[in-house]
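Labels run A, B and C following the written order; every chain starts at residue 1.
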Amino acid sequence: MKVEERLAVLGLVLPPPVQAPLGVRLPFTPVRIVGDRAFVSGHGPQLPDGSIAGPFGRVGADVTVEEAYVSARLTALSMLGSLQRAVGDLDRVVWARVFGMVASASGFDRQPSVINGFSDLILDLYGDAGAHARSAVGMAELPFGLPVEIEAEVVIVG
Amino acid sequence: MKVEERLAVLGLVLPPPVQAPLGVRLPFTPVRIVGDRAFVSGHGPQLPDGSIAGPFGRVGADVTVEEAYVSARLTALSMLGSLQRAVGDLDRVVWARVFGMVASASGFDRQPSVINGFSDLILDLYGDAGAHARSAVGMAELPFGLPVEIEAEVVIVG
Amino acid sequence: MKVEERLAVLGLVLPPPVQAPLGVRLPFTPVRIVGDRAFVSGHGPQLPDGSIAGPFGRVGADVTVEEAYVSARLTALSMLGSLQRAVGDLDRVVWARVFGMVASASGFDRQPSVINGFSDLILDLYGDAGAHARSAVGMAELPFGLPVEIEAEVVIVG
């Protein structure tokens, strides 16, 4: 089954691009393709309507592990939306590297349980092509008070 | 216009390498080239004379966003100096990935506004070849009390 | 001398894989190989018996620089174990990028002195093929209270 079909079966909708404030040109590219490699900018959780998804704050204090798992899953959908716009066909993506960042309260050390929300969905959608190396680490702060931000590198085939 | 010419027009000077303390051999390479890819070590802000540029400390407490924007711009010049020594001709560089780290005071979440100091200059100098994927994130601490450290990956062409 | 022989001369033993809890399938891959590139997941310090090596906590408060240097060296051995299982022959590895993360107490800024424990061993074992670009930075938190976690990218030759 194609990735897009699997998304439909799961009832999942990819969000549109994050909107920059009117008149602002963002000085970076969501997905930068050079040769057969695609470098994916740090993404955060987005709702299907394109807005940034809450909750906000640090995991382990303001946000629970279960909430942050959902944030990481919504981050995967945001990134898949960017990849679809950049590559066209999500089945041309082979996953390589995932760098999962979790805004962490002092003493919170379950970052892997949070980033699993991203990895579990990618593996479910992609199978073997979704296998990826990963780090899941604790940040002092993330932009806009996001609890999760994830960067990736993928390879384009076909 | 070549990148070196554009730097001259802007009155910008690339600094020499960061000096290691006498007798110390640094156990890493500023720019590691493997095939057509160049991995660029984390760089910090440097002045034209090669010294590390202040201010020091965390953005949002010790350092303002405006000061840190300049630090990020000076980090771009430091990295361009390293790339020029490693590659020879800066026009052979195509930008791919920028990982922007900001030492962040508690509650500071405007990391993108800081790292724009790097991205704005690269886009100004390189145009389309300067497009890059990016993350801009908040660190607990950076070496030597730097407010900004930036790592990158570029592709070598020609 | 081959890398495996040099390890033996130094009396160093590569640990087995980190054991996941019974019945748990980790949703990521220690070493993801795509073409001639290998993306290496974040690794932490392991003892030769495969267990996670202490001490735990933040460098600069709970853990000294000297202890954390050893943690970084034990992280290199853990990663070499993963690379040996994934690639077969460690001499086929050419080092490219090392991203060294240090759980850092407030005000601790000697991350490079910690990550040298990793870099010094890789350079000792690999010589020129061990040269790598590097960042060494301070994290708020790392999984399981680890003082050090290191991610890498290498190229596979031969």
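Here, contacts are C-beta pairs under 8 Å (C-beta built on N, C-alpha and C of every residue); 3 or more make two chains touch, one makes a residue touch a chain.
Computed from a prediction, not measured in an experiment: that's the story for all the values here.
*Asks:* On C-alpha atoms only, rotate chain A onto chain B and read off the angle in steps of 5 degrees.
*Replies:* Between chain A and chain B the superposing rotation measures out at 120 degrees.
*Asks:* Any idea if chain A and chain C meet via the same residues, over half in common, or different ones?
*Replies:* Comparing the two copies, chain A and chain C contact each other through largely different residue numbers, since under half are shared.
*Asks:* Please report how many Å separate the Cα centroid of chain A from that of chain C, as a whole number.
*Replies:* Averaging C-alpha atoms per chain gives centres 25 Å apart.
*Asks:* At least two partner chains per residue is the criterion; list those residues in chain B.
*Replies:* Expected reply: 99, 139-140, 153.
*Asks:* Under the stated contact criterion, what part of chain A meets chain B in this complex?
*Replies:* It comes out as residues 27-32, 34-35, 37, 39-42, 99, 101, 103, 139-145, 149, 151, 153.
*Asks:* Considering the complex alone, what residue numbers of chain B touch chain A?
*Replies:* 94-99, 104, 106-112, 116, 119-120, 123, 131-140, 153, 155
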